[in-house]
Amino acid sequence: MDKTTALDLYRVMRRIRDFEERATVLFGEGKVWGTIHSYAGEEAIAAGVCAHLRDDDWITSTHRGHGHCIAKRADLGKMYAELLGRETGYCRGRGGSMHIADTSKGNLGANGIVGGGIPIATGAALTAKQLGTDQVAVSFFGDGAANQGGFHESANLAALWKLPVIYVCEVNQYAESLPVEREFPIKDLERRADGYGMPGVRVNGLDVREVYDAAGELIARARRGEGPSFLVAYAYRHEGHYYGDPRKYQTKDQIEGWKTKFDPLTEARAWILGAKLASAAELDAIDADIVREAKEAVAFAEGSPPASPISLPGDVYASH
Amino acid sequence: MQATETRAPAATREMFYNEALGDALRLEMERDARVIVMGEDIAEHGGAFQVTAGLLETFGPTRIRQTPISELGIVGAAVGAALTGLRPVVELMYIDFSGLAMDQLVNQAAQNRFMFGGQARVPMVMRTQGGAGRGNAAQHSKSLEAWFTHVAGLKVVMPATPADAKGLLTAAIRDDDPVIFLEHKLLYRTKGQVPTGEHVVPLGRADVKRAGKDLSIVTWSRQVLFALEAAKQLTNEGIDAEVVDLRTLVPLDKEAVLSSVRKTHRVLIVHEAIKRSGFGGEIAAIVAEEAFDDLDAPPRRVAGLETPIPYAQHLEKSVIPQVDDIVKAAKELVA
Amino acid sequence: MQATETRAPAATREMFYNEALGDALRLEMERDARVIVMGEDIAEHGGAFQVTAGLLETFGPTRIRQTPISELGIVGAAVGAALTGLRPVVELMYIDFSGLAMDQLVNQAAQNRFMFGGQARVPMVMRTQGGAGRGNAAQHSKSLEAWFTHVAGLKVVMPATPADAKGLLTAAIRDDDPVIFLEHKLLYRTKGQVPTGEHVVPLGRADVKRAGKDLSIVTWSRQVLFALEAAKQLTNEGIDAEVVDLRTLVPLDKEAVLSSVRKTHRVLIVHEAIKRSGFGGEIAAIVAEEAFDDLDAPPRRVAGLETPIPYAQHLEKSVIPQVDDIVKAAKELVA
Amino acid sequence: MDKTTALDLYRVMRRIRDFEERATVLFGEGKVWGTIHSYAGEEAIAAGVCAHLRDDDWITSTHRGHGHCIAKRADLGKMYAELLGRETGYCRGRGGSMHIADTSKGNLGANGIVGGGIPIATGAALTAKQLGTDQVAVSFFGDGAANQGGFHESANLAALWKLPVIYVCEVNQYAESLPVEREFPIKDLERRADGYGMPGVRVNGLDVREVYDAAGELIARARRGEGPSFLVAYAYRHEGHYYGDPRKYQTKDQIEGWKTKFDPLTEARAWILGAKLASAAELDAIDADIVREAKEAVAFAEGSPPASPISLPGDVYASH
């Protein structure tokens, strides 16, 4: 991998981690309302996949959606503004963390319904097919979502119609408090792809290179009109399910140990340094840059006016 | 974008209700390449009620997309397609199946625009049909419009005549919001004069299908025909009923209802869905709230009994409003 | 079988609403081995709102069945289990997710008994919670009780207090029909005196939570607390409001509503769900139809705005009824 | 196979065929209201599977449910009475063809919702597991239903919890007008079982012996507590999707030829005669018996009073 690509991947991952840490602090300070779900530990997946996507490619995201949003090149200021319920937020304070969308970059939205984005991404892929473009759609979702009926229906439809959609399942070991071995009767989720006659690929979701390579192939395949695929990335959720999760269902090692044992950022750094793609100083400079841009983004959000009052029917209906 | 009424209606031709719907689909598909149709049984077979008959031949299988039986997936795909530039029309074979697709309709299609702060539009139509009268029993005969009217972000249309069916479907397809377009299985083979060529009936406008002065019968879908028949019979009793066909439940043409009631001072609301929490309750409530002093009698509802639809023909008839029920209620109301 | 009221209530103890629900579950599980609980996150974690906390330890993982995320499958499994001899209680985490399970609730659970000519019973409870107020936005904050009340074959319960929560959940579990049991996310941490030991509040009976003579506020769930607070404030204006807590929407205690209205001659209906086609329309319609001549003023509704629930705290508050809104409407109604 | 078993299977199949033919005539005479869906061509599946079921085992059936109902030993008189909307019908005229249930024999009902019975059968299996009995549940459904999300969710749940349920998919070449190759991106539907870690078995649904043998093993396995399985039986729908289907989507050969080319009854007869399990005269006698009992059943139905008026709330609610 060339240096630019490697550093771009690193930068995206670090930006996501920084966002999650900062959002957590803001939440703790009472500035964020509702719920937030941290993507920490899964950064390599969004980064590795979205590196292959153009702004006119689409993604659907999840309740744990900050990472996808950032990897799809969202504006951080608008993201923070949304969390803070400001008028300058992506959704003008109407959506919050669970509904951030950025249609200008093809992000069709985080989704509070587990599995809700899967049929939608499939429909976006139908648009590409129908209009004869080489756009693709990627649906990110968790292990838990893979047991939703909508996955089955969509996968069948996409394979039948050879739609350019990549289903990216992020196995982060849990669906809320349910560990993955109590979610599935099988260990290797990628086996499900065979039932739809599509490729099922397993990757180590801690290793951004592996994600990048596998996603690259599947996305290229989709662009060539060869249809959908199922990418299953295994990683670890560093934090609780949501901010404040008491995590009664986890051991101390899972709560404390996983963060360091299974960390895609540590792995990425080690790889980049080991492969001499960049020096530690260069990486540190990226980190510093990210902190700077994040602070600016937060400042922008905090300086923004609160969300304007709801206006009806205009906020709800487009034609009226 | 919101469709505006076509001014000078072209020539008319007698059409069946299902034919009129097919005509609207054909014209809109010719007009706009982004319009596609998805659903079960809609291609070679032409749809369970022959609305899409002939469209496959003209537009081919990529625009007339016959799907596997996967209601959630299909409706969800329509949402995604609508968000990204197509204008899909989904045919859901029976409204009773909407329970399988409700999440995509309610949590996604209806709310995307709002949740995303206005970034998105979801120009899709879900056509389906409801109602009893063909012995299809409890899972193929319900009237569920009230569910959809209770969802912020959806529009709900229920045409009673072939002409309205064509004009409202055209408007629904051109509308930038998700529209739930509800047909009635016993209307498909009813006939009427329908403008040929482009014909738009804007959403949100009721139609007084019969003017009268003694009471207002507010109704929609198949019960409009029953109400008109009842009104005819009522003239024998010297009762002159006005029949207000709502046509669109959301957005509701409240002014049309209120001005009729202000004129007649009596309101009878008629629908096929079960009475409890039917849309008739909403109408009765609005009238009571906003035209209380104009009313010379309590508002009254004639609606389906609170039971699933039975199979046997005589039972089926017994649980949904018949012309006689309307006549009887109207007489009592005016008495 | 229908539960009858326990006569001499035992000692009481202060409990949170969620604790009272857990108490009912525990007692019913001890009493009847056929009662099982299924749902997401209900085991070690104790449920998203800690209703099932501690039950896993007592009853083990076969009776406290934590499920994968498969709402349709889980609810359907409960239907099948209920048809064959268990008495399942399903916890659906948010009412907003019911769109995924609607088919099994409406086409199967609600209709099986009728469709099969009385051969079957479906003694299941679906517990879930709705409502806004925690910044969970549009897909986790809806109030959808009206949907369920529009389905023949379902019963719908919405307790406002810890004691009612316990007593009604007990009755729901003992009931032989499918019961939709709707909690409110902002009630879980409210407290009240609750009878210890067996406590049954029969379905279908409203409760006058405050007697008054100037107007009747008819409401349910969290808005009961708002209405009581409003009634308190209204005394300062010399207005004596009666607060009727419906508790059960289906079957509806119509007599309780009508007799209150016949006494006060004014009715204000309050609910959190959006007004359009909310259950308040049904109540307003019934009152207008059946107590028209008793009314000294039009019936009136205070309800949610017709919008998905927004995220930001100030916006969220702006779209659902607040105490002030009730006070204001009551004053206008009595004026 | 012993003679009794063979003749029992034959008898059930013939009874189903006779019922479908007779129901068709009654429909043509305007005595049956609504819609009926003929099971002709698929008799070997219901017969072969239900031969292993006790009265306390459960099945869920479909819109094409007469065959399952008969194989589960229903009373024909009550079935005809239901089709004719009589008070003596299984559902007192309230259900009709699409909702016939016979809870006394464990038939939890035909279902008008494609796939609707799948979660229900899964729940019945949960009852068996919970109560520690050796009962099993069988869910019959069509190829079309296999693409419903409810199948996916149920299969996962059943495999995870090792529930005694057998999913029997009847591939009759169509879902209404959609041919099977336009329903699935794969040819061998049984492959889907692997994604749930359960056995997937393919049988020739025209051959009642094959169905019988495969079902016997899977049902025994379920009784032993070894969990669910997926049985896929391939056959041909002899008639249109419903009575009156214009069948515009089929060729003449499919409409006319299939009935004789792919007929489980012809095959069963040939097998029984070939294996000398019975003589042609014996089989003819069975056929004659069946005609006699059917005529009695129809007479019972036609002599029965119409369905009594709906009584509320008692018809709808059990507790009131």
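Some observations on this one:
Which chain is which? They are A, B, C and D, in the order written, and residues in each are numbered from 1.
In this text, a residue touches a chain if its C-beta (ideal position, glycine included) is under 8 Å from a C-beta of that chain, and two chains touch if they have at least 3 such contacts.
It should be emphasised that the depicted structure is a prediction, and the values quoted were computed from it without experimental measurement.
Between subunit A and subunit D, the least number of touching-chain steps is 1. Leaving out subunit B only, the rest of the assembly stays one piece through touching.
Centroid distances from subunit C, each centroid being the mean of CA atoms, peak for D.
When the C-beta pairs in contact are tallied for C-D and for B-D, the bigger tally goes to C-D.
Mean C-alpha position of subunit C lies 40 Å from that of subunit D. Rounded to a whole number, the gap between the C-alpha centres of subunit A and subunit C is 36 angstrom.
Between the CA-based centres of subunit B and subunit C the separation comes to 31 Å, rounded to the whole angstrom.
Taken residue by residue, subunit D touches two or more other chains at 91, 93-95, 99, 111-113, 116, 147-150, 152-153, 156, 160, 182-184, 313, 315-316, whereas all remaining positions touch fewer. Of all residues in subunit B, those touching 2 or more other chains are 68, 70-73, 96-97, 100, 103-104, 107, 114-115, 137-139, 152-153, 305-308, 310, listed in ascending order. Taken chain by chain, the contacts link every pair, so each chain touches all the others. On the subunit B side of its complex with subunit C, the touching residues are 72, 96-100, 102-107, 110-111, 114-115, 137-139, 144, 146-147, 149-150, 152-153, 250, 252, 273-274, 276-282, 284-290, 292, 295, 297-301, 305-308, 310. Taken in their complex, subunit D has these residues touching subunit C: 58, 60, 89-95, 99, 101-104, 108-109, 111-113, 116, 118-128, 130-131, 137, 149-150, 152-154, 156-157, 160-161, 313, 315-320.
Interface of subunit D with subunit A (complex): residues 147-153, 156, 159-160, 182-186, 191-192, 194-198. Looking at the complex, you find that subunit A touches subunit C at residues 33-35, 82, 85-86, 91, 93-96, 98-99, 111-116, 144-145, 147-149, 175-178, 182-184, 246, 248-249, 306-307, 309-310, 312-313, 315-316.
Subunit B contributes residues 1-3, 36, 62-63, 65, 67-68, 70-86, 88, 103-104, 107-108, 112-121, 123, 152-153, 155, 175-177, 251 to its touches with subunit A in the complex.
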